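Quick one: this structure, given as structure tokens, is what I'll be asking you about.
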Amino acid sequence: MADNKSIARPGTRRDFLAAFAALTGSMLVGLPTRLRAEPASAGPADPHLIEDLVAANRILAAESVVDGYGHVSVRHDKDPNRYLIARSVAPELVTAADILELDLDSNAVDLRERKMYLERFIHGEIYKARPDVKSVVHHHSAAVIPFGVSGVPLRPIYHMAAFIGLGVPVFEIRDVAGMTDLLVKTPELGKALARTLGDKPAALMRGHGAVVVGESLAMAVGRSIYLQMDARLQAQAMALGDHVTYLEPGEVEKLRGLDSYDRAWELWKRKVAGAMK
Amino acid sequence: MADNKSIARPGTRRDFLAAFAALTGSMLVGLPTRLRAEPASAGPADPHLIEDLVAANRILAAESVVDGYGHVSVRHDKDPNRYLIARSVAPELVTAADILELDLDSNAVDLRERKMYLERFIHGEIYKARPDVKSVVHHHSAAVIPFGVSGVPLRPIYHMAAFIGLGVPVFEIRDVAGMTDLLVKTPELGKALARTLGDKPAALMRGHGAVVVGESLAMAVGRSIYLQMDARLQAQAMALGDHVTYLEPGEVEKLRGLDSYDRAWELWKRKVAGAMK
Amino acid sequence: MADNKSIARPGTRRDFLAAFAALTGSMLVGLPTRLRAEPASAGPADPHLIEDLVAANRILAAESVVDGYGHVSVRHDKDPNRYLIARSVAPELVTAADILELDLDSNAVDLRERKMYLERFIHGEIYKARPDVKSVVHHHSAAVIPFGVSGVPLRPIYHMAAFIGLGVPVFEIRDVAGMTDLLVKTPELGKALARTLGDKPAALMRGHGAVVVGESLAMAVGRSIYLQMDARLQAQAMALGDHVTYLEPGEVEKLRGLDSYDRAWELWKRKVAGAMK
Amino acid sequence: MADNKSIARPGTRRDFLAAFAALTGSMLVGLPTRLRAEPASAGPADPHLIEDLVAANRILAAESVVDGYGHVSVRHDKDPNRYLIARSVAPELVTAADILELDLDSNAVDLRERKMYLERFIHGEIYKARPDVKSVVHHHSAAVIPFGVSGVPLRPIYHMAAFIGLGVPVFEIRDVAGMTDLLVKTPELGKALARTLGDKPAALMRGHGAVVVGESLAMAVGRSIYLQMDARLQAQAMALGDHVTYLEPGEVEKLRGLDSYDRAWELWKRKVAGAMK
């Protein structure tokens, strides 16, 4: 079991299968899913974590951070080399039965007939690159997208979004892959996005959306909601006048780690609880 | 039956009636509906198609693409020379019982006492000109109208609205008919609009709204929703700064055909399902 | 009974009471309501009209034209010298039991302990000056107010709001009364507002809101909703660029009388029907 | 009992405890709450006042003045040296059981295991400085924040927000405490904020939010809602053109004291009544 959890342990059966898959991947495309190599499970995740992940999906929809598209994941509580994410379905419709376990190469443990998000590599590659990250959100928030295409950097307008002061880089997929459909649908593109993200709390994706990370589901969801709010406020403040006072680095530093969003998380969960039954 | 489906088959009873109608149309205006020539039915449409058309009406209302006005149609599954559209009623109130079958001249098969949309010619004339089109939406989306009157072209800001990169021309009704009430309420105006639309996915109508087409109901509805969203995002991005990066033609090309909006359609249908009962 | 309906018929008991009231009005301010002269009733109004008036109140709230303030009235169907309006209560809470009958001097027929809107003179004085008007709405719509204070005239952006092309003057209360609390709370101020309105469909009130009139409840309500929508669209279009194409007078003329808003009225009524029970 | 209500009466057991607490405060941080000195209760507050305070929390959430954060308090009806405020919980979730009684140093009378808002000193210090104030709201309203960071003063656009004409100063926490996390989480910061507020109805807090006061819950809540609305309207009016006509001081003076918001309060309470059960 432990062997199966290792990403880079040489000499195991999984390594062999991975190598085999790399060689024969294109041949396997047409084969039924059950014939492909699937990673082993890390065991059942904490049911409360699953419940929170389902709630996170619905909260992001309720707050208009996601519409029919976008996704949120959480690292498996029993194994840092696994993460949990819904099958390909609109976030507002996600139930516990839709949650899949994936390894960090974004292969599902037990896919059966289900379809995965094309852009799951966003999640897997960030979990690889950022051991501190426990949750990842990818979204197309309407307020955020204009900043990704205008060259105007997002800046922290108020204490609720102080984390923006740590930096929100913009991922330009043209720089790494030229003309594409903008989807982060390969491990390589996922790695490139993770490199742009670096050690920051979020990155914008030009012409596409954003990715937001956190040390917990509540933090990744809360940062997503306040990234969106800050974008709205910054646009309004810029429209009012030329001299906007943003948070200073000293203020951002004092607020570091205070964005657990516990009080709001309790509210958000309660508001989607009825719909989850 | 087959004869009845043909638009231009000479020598049939329908041709005779059409010619008769063309000659006597103005005389018939004051006559009771049952005395006029009505085209024959192509037979009952697939109940799932009807259900989807009802859902499309309600989805467009739920997403604020339409208010009390606007309409959506779908080509008949049994006959490309017929289309289905509601009687004259607000989209949010449409039920299966309101769906009419019309021929491509926009005459109803079985109108009885019901009123038709004045602007049904938008649909019929586009179905004539565009065999690839299976669904047409006409709406007055608030976000879109400012682009139709300002001379600022709509451009694709993000991948969800890449189809805009194929071109969204503006229909200026003054160019074809001078001072009007702006309504596309004659076959001639419908044809003029279809000419402006050309082979594009959508056209704006100056001082009025827009028309959006697709290869399926989901595509026409999805494009309507993301046309609206793109208009909002573009207005916001333009307000932020002068240098907005839109999708490049190469990106638009890579995204061509990817706008089936399947995942969102599942969500949208579920959200209006309760109200449809 | 007929006598009582006449405003200016000499020699009746009502004339005497009106003269008496004019002489002693200020003395009566402190007296209990039941001691004051009350006009006679024109008889019970059509229950469908009452129902529509209650619906109009709730529709205006549902469409965010009014919040806790604002009011809508309709001319009595049995007597053009009476109108119906709610007692002083938020529009969203109005029920049939709240509807009062007022004469055109805005005195209630049967007030009992109920409080009247301070600004009811807006309604009474417009009904006096405009025999064509059957319904009056006064509101503080958020989209409209910026136009009243900025000197930028509201103009018709699309066919749904073509009536704006007939003219929407701005009432500046300072011109007639200097520094006030901006409330139209006397007959004189009501008359001044009616003079500014003239024969137009609506007038803005600087620093306050707007008044909208129509030949029916549906028209006054519909014009209120599309005045608001046009204001939003015009602000957006102006932000996009300097060259906005508004409806031409010829187009406005072609659309004159087409703003009965019947199809939308059916929808709006259905949407508030549940809440009215 | 009376002794316990006094803030500054020397020689009592409370004074001794306060001095003891001042000396040993840091030592007590780790101790269980029940061992700390707690002020005595002023007795049970009027249940209607508690009900109104719960309603105020939910109204502010329903009107989007607060989200998961922000708080509202009311002065105790039996003792001006006590105020009522919820334990640390999102306003939308507050019930009567969450209401705590605090003295004006913002110590809870009967805290038990419950957590207090970190920024309760906003309330306590304003109640000390402003005997006329009966209710205080602290919020992060999205419409208001851009004014706090842009140097553009909020001005009264319409009669519903005339109180803004009395002045809305901006609190810059950097001026009193340099680089902070922006939270008013000490008595000193609360006093500094109260000084900036002075005798005004509201103050903006740069990079944070606002504080609004009133002679009643309805007034503090109503002013919060119309502060937000005025901010939206002013931003829109400024975007339309350079010459905005604001209320004149003479108009503000005529409207002074008319902002009790009684009619709206009845509506707002009714709208949250269902959720409060």
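Letters A, B, C and D mark the chains in the order given here, with residues in each chain numbered from 1 onward.
Keep this in mind: a residue touches a chain if its C-beta (ideal position, glycine included) is under 8 Å from a C-beta of that chain, and two chains touch if they have at least 3 such contacts.
What you are looking at is a predicted structure, and each value in this text was computed from that prediction instead of being measured.
K.L.:
Could you label the subunit B-subunit C interface same or different, taking same to mean over half of its residue numbers are used by both chains?
P.N.:
Here the answer is different, because the shared fraction of interface numbers falls below one half.
K.L.:
Express in whole angstrom the distance between the two chain centres, defined as the mean CA positions of subunit B and subunit C.
P.N.:
Distance between chain centres: 37 Å.
K.L.:
Centroid of subunit A to centroid of subunit C, CA atoms only: how many Å?
P.N.:
So the centre of subunit A lies 52 Å away from the centre of subunit C.
K.L.:
Touching two or more other chains, which residues of subunit C qualify?
P.N.:
Residues 239 of subunit C touch two or more partner chains.
K.L.:
Counting only chain pairs that touch, give me the topology of the graph as line, ring, star, complete or other.
P.N.:
Topology of touching chains reads as a ring, each chain with two neighbours.
K.L.:
Following the definition at the start, I'd like every touching pair of chains, please.
P.N.:
Contacting pairs: A-B, A-D, B-C, C-D.
K.L.:
Contact residues on subunit B for subunit A in the complex?
P.N.:
These residues of subunit B touch subunit A: 157-160, 162, 229, 232-233, 236-237, 239-241, 243-248, 250-251, 253-255, 258, 261, 263-268, 270-271.
K.L.:
In their complex, what parts of subunit A are in touch with subunit B?
P.N.:
Result: residues 67-69, 88-90, 92-93, 140, 142-143, 145-147, 149-152, 174, 178-183, 206-209, 235, 238-239 of subunit A touch subunit B.
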